[in-house]
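Structure provided below as structure tokens; questions to follow.
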Amino acid sequence: MIRFVTSRLFRAGLTVLSVMTFAFVVLRMSGDPAQVLLGPDVPQNVVQDFRDRWGLDDPIWQQYLSYLRAMLHGDFGLSMRDRSPAIDLVMQRIPATLQLTIPALILQLAFGIPAGIYAALKRGTLADRGVIVTAIVGFTVPSFVLGLLLVLIFAVTLGILPSGGASSWQHAILPVLTMSIGGIGVLARFSRSAMIEVMGQPYIRTASAKGVSWGDVVRNHALPNAAVPIVTIVGFMVGSLIAGAIIVETIFSWPGMGRLLIVSVTNRDLAVVQCILLLVAAVMVVSNLTVDLLYGWLDPRLRQTAPAH
Amino acid sequence: MAVTNLNPPLPAERRKARMPLTVQLSLFWLLAMVLCALFVDVLRPYPITQMNLGTRLAAPGTPSHWLGTDELGRDVLSRLIQSVRSSLVIAFGATLISAFFGTLLGFMAAKFRGVVEHVVVMLADFQAALPFLIMSLAVLAFFGSSMLLLVCLMGFYGWERYARITRGLAISASAQGYAAAVVQLGAKPARVYLRHILPNVASTLIVSMTLTFPEIILMESSLSFLGLGVQPPDTSLGNMVGFGREYLTTAPWIMLSPAVVIVLTTLAISLAGDWLRDRLDPTL
Amino acid sequence: MSQLLDARGLVRVYTARRGLLGRPARVRAVDGVSLRVKRGETLGIVGESGSGKSTLGRVLLGIDAAQKGTVHIDGAPMPAFGTPGWRALRARIQMVYQDPLAALDRRLSVAHQLREPLDIHHLGDGESRSARISEVMQSVGLRPDQAGKFPHELSGGQRQRVVIARALMTEPELLVCDEPVSALDVSIQAQVVNLLADLQRDRGLGMVFISHDLKVVRNLCDRVAVMYLGRIVEEGPAEAVFADPRHPYTQALISSVPQPGRAANSRIILQGEPPDPGNRPPGCAFHPRCPMAEDSCRRAIPETRAVGGARSAACHLVAPAALTEPA
């Protein structure tokens, strides 16, 4: 188990390093970092201070090391907009994004998994068909279309919910719905197939044949085994939630990190873009690592061998 | 993630099953889209940039503009046909790039193992650590948007899926299968990989392409919707939805018609892809 | 007369790692094997699974590189795997596989599979290649109309005939057969063995025949080598070894083959665990299962010694040739 954990930690560290290297390479390819990260019209002494701190006059490999050091200290450069550190700007926006993503994740888990399991147990019924159709729609309708449709229906036509802004809890309803519907579909479909797969295993048939009651078979044998594959997809859900937040915050004028990213990309406020890039990577690495460890804990076979998948 | 068939029929059933109506409709729709993209110059009633301020925001059903006009009096149907072409061309180009590099990396991992394999795994981890939309936004922020960059960027989408599949199949073929036998006949690696392993994994790769293709359409549409993908005067489906959003209350058709096309196209590819998967490769 | 295949002191150690950071375990799959095959001679290699006989086959072909020892083909050293020299040599040494379906490309017709060696080695032109395909197909007993068939349309025996035909396309001098009949139905095995025997006799092939089936080896082979945990424990003319096995392991193996007219209770039943190549006993590797083991067997690895009549054995308890008969 210790070996499994250390190998996963090692890979997570390597991934963070590769993302930082990616950012470094992209940054270098797009011009002088002092210019790019500080913007024009900055006093010469600030530029020189930055050049010294980042060691921009050193050989490239030393620059790389200085860059890594700066990243690890949270020094991502200054935002073009008000010359404040990019990290502060991003941190201010995180709570707003969490206000959308956390409820959306809870909704996805609370509806997606039970719906999938229910459909698997009632296979072939109308309820099952309904789950499949919802899942397909959830996958094929992109969130920007879904969001605009919800606005069209609930804000424009019915006029019962606000179409944008963040001044009351009602403002969060449409964004959270938009973010969660696709994920509910994905999760329901995945849980359903995981459950169907498990229900077809010989040990389930053995348990039923021994006379264990159906409810106990599902609770004690099927669900714990179906949980293993379901956990793996939750890591994927976190990634799509973060990507979804960018679109949803744009549609609903929600003052979160996603909107900040779009504004920064449009204005080429690169220090902020870089900061968000690394922050998201860190969140993703942590969530993938958690999923991996959870997976190892749920499936003892993986603890011994730690295969590279 | 694409729609997987959740209750695959038994092999005997599968062979007997006729093409379902939904799949027929999907193929019909896709054919129509491909024809649109191919014959865009003939089909398009008006040039996409032709403005007519006299007929601004005309509703659908107007005799000369079936799908209405936008805020500048441009014909929505014409722009829609042009958009289908942009979106399909980008998605098609990107799917080919992604399949090519994914397959190449998978083969290299299988051939050289060791360090090469670890590098490929690291690249896949990197891809998993950054939601693709965010990586694309960062690259577009640093380099600005252009059609070529967009296609190349989308070409990074989904390569790890091909790499994983081809690596696995190539390793099993080389371990003791036909690939090992051909090596023992004296064939060079190029012959082994191109004439034997590649044709044997082709059907699996094609099925994977049907998974990647709609995802790339959605990714490009999202970027264009955000104003960072296809740039005016060029137009794409996402870009039309993005601009149509401003007129959601007064002229929802500007945004609805491209939205419907996006949904129907991804749905059709998914349904047809599911069916193809059951036919060609039930293991995926 | 020069040896067609001359292998000396081959050692192949695998390092099997358990897990990403696991402790590497060393497995001595082939441990100091020397053997020779003349033109037109058939050498059988027998042993239980895990004895290293398949690994030995791969090392002899140069697919797997030995860490120690040398393989010479017709006096020339085996080129490194994957080099142009190694590839060119494939026209002269070929292999027949255990699972013919896996060894054939399922997308290609029989004729296409058979043409491939000629394409690879640039032998002949279009017409002579077609002629060669028909000729070889006929010699392995395939009908001309089967040229257009695909592997899955053929029976197991027919598939193995295709594999054999493909191996013969370039007129090789040496054929290594790794368990060529063990995946086939018993009723088909004899046909394929007879085919191999005929081809070997007609074409003067040198052949290494790897099998766990003693009866097949006895029928087909001129000489036989018995392997146990990576070493050859006994070698000699097939008739002599089968009639009068010297090594206790060979005696046990041969007595395990039922023979009409012999009481079942005269069989030697081996004691103990089956051999594990990852955990080799010290001294003579066979001693934990040997009914005659003595103290010396637990300490020293027995050397291979001539025991008379072109035979050799590696056992402390078998008297060397000089003591039993004049050399």
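Going by the order they are written in, the chains are A, B and C; count residues from 1 in each one.
Note that in this section a residue touches a chain if its C-beta (ideal position, glycine included) is under 8 Å from a C-beta of that chain, and two chains touch if they have at least 3 such contacts.
Note that this is a predicted model, so its numbers are computed, not measured.
Undergrad: So, comparing C-alpha centroids, which chain is the farthest one from chain A?
TA: C
Undergrad: Closest chain to the protein's overall Cα mean, using per-chain Cα means, please.
TA: The chain sitting closest to the overall C-alpha centre is B.
Undergrad: Express in whole angstrom the distance between the two chain centres, defined as the mean CA positions of chain B and chain C.
TA: Result: the chain centres lie 51 Å from each other.
Undergrad: With chain centres defined as C-alpha means, what is the inter-centre distance between chain A and chain C in Å?
TA: Roughly 56 Å, centre to centre.
Undergrad: Roughly how far is chain A from chain B, centre to centre by C-alpha average, rounded to an integer in Å?
TA: 22
Undergrad: Indicate the residues of chain A shared as contacts by at least two other chains.
TA: 308
Undergrad: Check each residue of chain B and list the ones that touch at least two other chains.
TA: none
Undergrad: Could you pull out which chain A residues touch chain B in their complex?
TA: Residues of chain A touching chain B: 11, 14-16, 18-19, 22-23, 26-27, 29-30, 36, 123-124, 132, 135-136, 139-145, 148-149, 151-152, 156, 186, 189, 192-193, 196, 236, 239-240, 242-243, 246-247, 250-251, 261-262, 264-266, 268, 270, 273-274, 276-277, 280-281, 284-285, 288, 308.
Undergrad: Provide the residue numbers of chain C that touch chain B in the complex, in ascending order.
TA: Those residues of chain C that touch chain B are 61, 63, 82, 87-91, 94-95, 97, 99, 102-107, 116-117, 120-121, 163, 166.
Undergrad: For the complex, give me every residue of chain B touching chain A.
TA: Those residues of chain B that touch chain A are 1-4, 6-7, 117-118, 121-123, 125-126, 128-135, 137-143, 214, 218, 221-222, 225-228, 238, 241-242, 245, 248-249, 252, 255, 259, 262-263, 266-267, 270.
Undergrad: Considering only the defined contacts, which chain B positions touch chain C in the complex?
TA: Residues 176-178, 180-189, 191, 196, 199-200.
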